[in-house]
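The structure's right below; bear with me while I get my questions together.
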Amino acid sequence: MSATPLLEVEDLSKRFRGLQAVDSVSLTVPKGSIVALIGPNGAGKTTTFNLIAGAIRPDSGRVRLDGADITGLRPDQACHAGIGRTFQLVKPFGALSVLENVTVGALRASADMATARRSAMAILERLGLADKADIPAKSLTLPERKRLETARALATKPKILLLDEVMAGLRPTEIDAMVTTFADLARESGIAILLTEHVMRAVMALAEHIIVLHHGQKICEGTPQQVSRDPAVLECYLGTAAAHA
Amino acid sequence: MLYLNIIVAGLLTGAVYGLMALGLSVIFGVIRVVNFAHGEMMVLAMYAAYVANRKTGIDPLLFLPAATLLLFLLGYALQRGLINRYIARPDHEQFLLLLAIGTIITASLLMGFGPDARNVQLQYAYDSYEIAGVLLDKVRVLAAAGALIGVAALTLFFRFTRTGKAIRACADNQVGAQVVGLDVKRLYAITFGLGAACVGAAGSLLLLLIDVQPYIAPDYTLLGFIIVILGGLGSMSGALLGGLLVGVSEALSGFIIEPSFKSALSFALLILVLLVRPQGLLGRGA
Amino acid sequence: MRETRRRAVALALFAVVMALLPLFVSTYVVSVLIVVLFAAYFGQAWNIVTGFAGQLSLGHALYVGLGAYASAVLFVRFGLPPWLGMIAGMAIAALVGSLIAALSFRFSVTGVYFALLTIAFNEFTRILFDHFGWVGATSGLFLPVANRIRDDLLMLRGSPLMFYYCLLALSLGALGLSHFLLRRRIGYYWQAIREDQEAAEALGIDVFRYKVAAMALSAAMTAVGGAFLAFYDNNLYPDTVFAIGRSVEIITAPIIGGLGTLFGPILGAFVLTTLGEAMTQVSSGFAIDGLKQWCYGAALLLIVALQPAGLWPWLERRLGLAAGRR
């Protein structure tokens, strides 16, 4: 295993008109591992994601992916560098079919239409959406849309997958299914995953390493066991973590 | 001195433009619907004033309250009955809907009045005041006064009445407004009615200044947009300011360069504003 | 897939019928069909930037005018064959379109504001040409009508029939191009941008570049139609060629037919032109100004109210041609 982590975030900061949304946050994601970013609402998790993925420009700090500096790149450039991301509120291409949605993603990795479509189909099969390939994305249920979102991001052949509260709104059985999917994915393809989550059940099941944010600052990090016992974490969650675990 | 006369004339006409644009600003600012039939509604009001004048000899200035009421009702009915379903729909569907409405209005007017230009004969059409050496047409002064009163009335309405504040709340945050129990559909209908009322008043006043003909409508819709974007969306004083600016620039460019060039300058201004400061001169920042 | 085969057959049938039609109908009908084909072609071209890429342009008459004037002026002043003049027109239109798009998107002018910007550029250019002496200004530019016995395809001087077949070829070509593009990466990317620009960006799409490209292509295609228009009408006036009314006309057919669909613009063109002609015939009996327009507006209203996605998706399903989605 190589010593350099896949994703290195160094002292990332972002201020929004009087609110320090992200305050000198540093984290690393080793190759092929699953890291979770947790914290109460408003802790700065999605902003951190947006900073890494290029949707927002940081005020200061550095983001490095596989050794290359990707700070401040546009989202499409970040994608070419190897960032794949999903959105908290899913954004399917409604009028396009499920297969076409994923093909759009696959075209990032290969300009040839036939190859892209095959690759897209393979990913759909892996995520259990193959039978819905030709129906319009807008007809999908929420869990299906979440899987589609993931499939699309995966199709771009990223080095790291940024999952933004992908479990939100799902029922326990659906959550378990997603957890299995991601665990298998990471194991089989060696892709790294950085996820933000409120659903502790999923976090505890998936994450090898957890980072806790509160008011834009990192207040704790460690293994799931370490983090769930940390007094600072328990305090900021007021026991919510214990209730969901 | 000649320039001063022209500028003042432009300002006076601009006040009427401002009132017209105010209607557009209110509709777009609150409901987020682009009223492409704005000019057509104004022309409808102009014809209403014309007919009233022909039948009863009433001065368009005095007909103003009636025009305002008529257009308010029309706007309210249109919004409630038809346009409301299209608020969340894509831009091009809204555009087509209002285009269709505008076409029907223009066609109806064509059928009713024919393509020839109509105007009202005013006894005081050639009167003028002279203040500090500047010559002011009485007609323009009266029209401008009417317009300013209209703008003031609407501003007071939004600032001080409960309905007005409720409408502003809707504009700021539709979901929030619904949560606190505001009847958004009714408020939208009132808003559209008010926007139409502005344009009705403006039409009544404009008839004092120009001839009316079914085909002048699109120019005024466009003019309305230029003014609203210039002055800033969501800003009532912006609409007035934009109107005054456009009135003056039209008057000046019409005189300095050529009459047919006056709209060219307005369009150039629009392009500039959209690129450099899209929120307009007085609009809320991006 | 069965539907794809059926669609190909339907299209072939359509092409054959259109090719043979002039043999069986009067010259009046041919001239009406030419109007339909112009509307269909302009609609196809506009569909690319607005239907596929989702950027609403309301000032497309600008490119009609640029294409028309470029080719006409080069012909009248320098005797250049319109097929070459057309290329100049395409280049100018593509440049202007790219500029407008680039400026707008660079400054984040989108949606309704972008639409208004396109109107502003359209109108501004119209007024400019009104004062452009070298091309005739408001007095217009006239193409010499040669007295030739046979059709001159090279110089586009000839009978309406010649123009009919040119326009038919153009429309079918535009259809083919649209179909081709939709199936390739550029078509997928355009639609992604239209559906959700933010998501498209996150998937590696350089949104700015693709939007400008859509505008450039749409403008260039429109300009070609403009050139044919110039040579068909034989006269050009800024106030008709660049008219906002023309911009509105251009977009009505594709919207009625079905924005973003392949056959929408053609269907819309047929429906609207037929409607217009029927109205003219009916109202000429009554001699009432504005009746035709009234019925036109009412028809638009009905379609927007009942079938806002356009007539083609509905027809497609009825004829069993719907290939799952489009």
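Just so it is clear, A, B and C label the chains in written order, and each chain counts residues from 1 on its own.
Following the convention adopted for this analysis, contacts are C-beta pairs under 8 Å (C-beta built on N, C-alpha and C of every residue); 3 or more make two chains touch, one makes a residue touch a chain.
None of these values were measured; they are calculated from a predicted model.
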With chain C removed from consideration, the chain sets that still hold together: A | B
item	value
Greatest separation from chain C - chain, by CA centre	A
Chain B-chain C separation of Cα centroids, rounded to whole Å	32
Gap in Å, rounded to a whole number, between the CA centres of chain C and chain A	44
CA centroid of chain A to CA centroid of chain B, Å	50
Set of chain B residues in contact with two or more other chains	none
Sites on chain C touched by chain B in the complex	50, 56, 58, 103-104, 107-109, 111-113, 115-117, 119-121, 123-124, 127-128, 130-131, 244-245, 248, 251-252, 255, 259, 288-294, 296-298, 300-301, 304-305, 308
In the complex with chain C, residue positions of chain B that touch it	34, 82, 89, 91-93, 95-97, 99-104, 106-111, 114-115, 214, 218, 222, 225-226, 229, 258, 260-261, 263-264, 267-268, 270-271, 274-276, 278
Touching residues (chain side chain A, partner chain C) in the complex	53, 55, 74-76, 79-80, 85, 87, 91-97, 100, 103-105, 107-108, 111, 113, 116, 134-136, 152-153, 156
Complex contacts: residues of chain C adjacent to chain A	183-185, 188-189, 191-192, 195-196, 198-207, 260, 324-325
